[in-house]
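Two complexes follow with chain A in common, the first pairing it with chain B and the second with chain C.
What follows is the complex of A and B.
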């Protein structure tokens, strides 16, 4: 797959970062606003999709390491399970950090209020964990599919430029 | 001909069932007696210290369900990797 034109590449280069920052915002504010780990992770994975579509699979696959996203996914899932085990003294998935006064432990006033990031206990922790996992998982799906569909042989393409572009 | 009669009878029976079900649904905006919703809405802020009740259900009250969702994503990634991993790039 050849890269798209220079206009598309420039726009995707610029907007991929804004998309990534917005996705991180959605993940981090998952316990205050609509969204959360799954949705924000999908938004952040759009970063990889934009780069893959605009620059072409052959060039883009030489830039990234799959092991990076592999580690993301495993760290996310293990952190999620560990956050579930934090409250094992009562039950599995008991929210032991909430209202404890420490990390994410502030109490919220009852009724409508502005909200604070330092609330909700393990919910915020699990949001971040699931976000990391979804980022790694969806990016890995994209990379593997691009590599498999276009029969890209990865070790041979480092630093090679492609001739011409589509559209 | 016999099949046509059978289909007409089947459509009438299924349509009647659908009509009855649609007629028995509560009116829009009046969900009736739902004690569970009221419990979540009134206790989420006090018990879990969280403003977003939806998140408190997804990640706390039904955290085990979300663990299953994360496992589903993990399985999907594993199967895609197994399917698309060609002879290069091991």
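What follows is the complex of A and C.
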């Protein structure tokens, strides 16, 4: 599994960080603007896709392990469940952080405004949890797919002249 | 709004053209790229139809992730031996193996 040309690698190295930052923006502004946890998580998972396609499996599997994204998935799920149980004294999914003044807890200003980020209580927290979960899941799909291709690649393709489709 | 309708029609025509080229290309990598162009134009179409939420999801998953998955799957494939003929009658048999005659 050879890496692609130096042009593709340079562009992907530079562009992947901008894609990741935009994805985090979409996740954090999920309660204000279009998009949310799932969309932003899918955008952040494109970071891993760009690196995998440009650098090949051997390098990327040396950089990250699938257990890393497995941990992402578990942290996201547990955060979502914990945020659901935060209002256990009232009801499940009760918005207990709203109007508390702390994290995401300030009140929404009256009248037309550009949107205040520090509002909406547990909704923003759950958006972040879903975002972490989707990043872990989709990156893990890509990594396992690349690992599978890599394992098939070794015994059957060694020593034959036929190249892959991209060469 | 005639200008909006013009953009709308142009995007729809371009989706059909890109979908046609996705089938028409013999080179599979070009086919994948035009399939991702279909997804990108579909995201523009969703945005014109005032669904920016769906447009972000379509652009991220359709144009980003599924293209990467197709490319990864393509890198695991081998080229057909003789110039892309993929049907079993036309494919040349490997030199070590001979086909058993019925």
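In this text, the second predicted complex is superposed on the first by the 148 of 167 C-alpha atoms of A that agree within 3 Å, B and C clash if a C-alpha of one lies under 4 Å from a C-alpha of the other, contacts with A are read in each partner's own complex, and residues count from 1 in each chain.
What we mean here is this: contacts are C-beta pairs under 8 Å (C-beta built on N, C-alpha and C of every residue); 3 or more make two chains touch, one makes a residue touch a chain.
The model shown is predicted, which means the values in this text are computed figures rather than measured ones.
Asker: Have a look at where A:82 lands relative to chain B and chain C in the superposition and call it first, second, both or neither.
Answerer: A:82: touches no partner chain.
Asker: Looking at A:133, would you say it contacts chain B, chain C, both, or neither? Reply first, second, both or neither.
Answerer: In the superposed model, A:133 contacts chain B only, not chain C.
Asker: Does chain C touch more residues of chain A than chain B does, or is it the other way round?
Answerer: The partner making contact with more of chain A's residues is B.
Asker: A:32 in the overlay: touching chain B, chain C, both, or neither? Say first, second, both or neither.
Answerer: It touches chain B, and chain C stays clear.
Asker: In the superposed arrangement, does A:149 touch chain B (first), chain C (second), both or neither?
Answerer: both
Asker: Which partner does A:42 reach: the first (chain B), the second (chain C), both, or neither?
Answerer: So A:42 only meets chain C here.
Asker: What is the contact status of A:93 with respect to chain B (first) and chain C (second): first, second, both, or neither?
Answerer: First partner only.
Asker: Given the touch rule stated above, what does A:105 touch, chain B (first), chain C (second), both, or neither?
Answerer: So A:105 only meets chain B here.
Asker: Who does A:50 touch here: chain B (first), chain C (second), both, or neither?
Answerer: In the superposition, A:50 touches chain C alone.
Asker: Both chain B and chain C touch chain A; at which residues?
Answerer: Common interface on chain A, chain B vs chain C: 34, 36, 38, 141, 145, 148-149, 152-153.
Asker: Can you tell me which positions in chain C touch chain A when the two form their complex?
Answerer: Contact set of chain C toward chain A: 27-29, 52-53, 55-57, 60-61, 64-65, 68-69, 71-79, 81.
Asker: Can you name the residues of chain B that touch chain A in the complex?
Answerer: Going by the criterion above, the answer is residues 45-52, 54-56, 58-60, 63-64, 66-67, 69-71, 73-74, 76-77, 80-81, 83-86, 88-89.
Asker: In the complex, go through chain A and note every residue touching chain B.
Answerer: Counting only chain A, the residues touching chain B are 30-34, 36, 38, 66, 73, 76-77, 80-81, 84, 92-93, 95, 98-99, 105-108, 110-111, 113, 115, 119-123, 126-127, 130, 133-134, 137, 140-141, 144-145, 147-149, 151-156.
Asker: Quick one: in the complex, what on chain A touches chain C?
Answerer: Result: residues 1, 23, 26, 34-36, 38-39, 42-43, 45-46, 49-50, 52-53, 138, 141-142, 145-146, 148-149, 152-153, 157, 160, 162-166 of chain A touch chain C.
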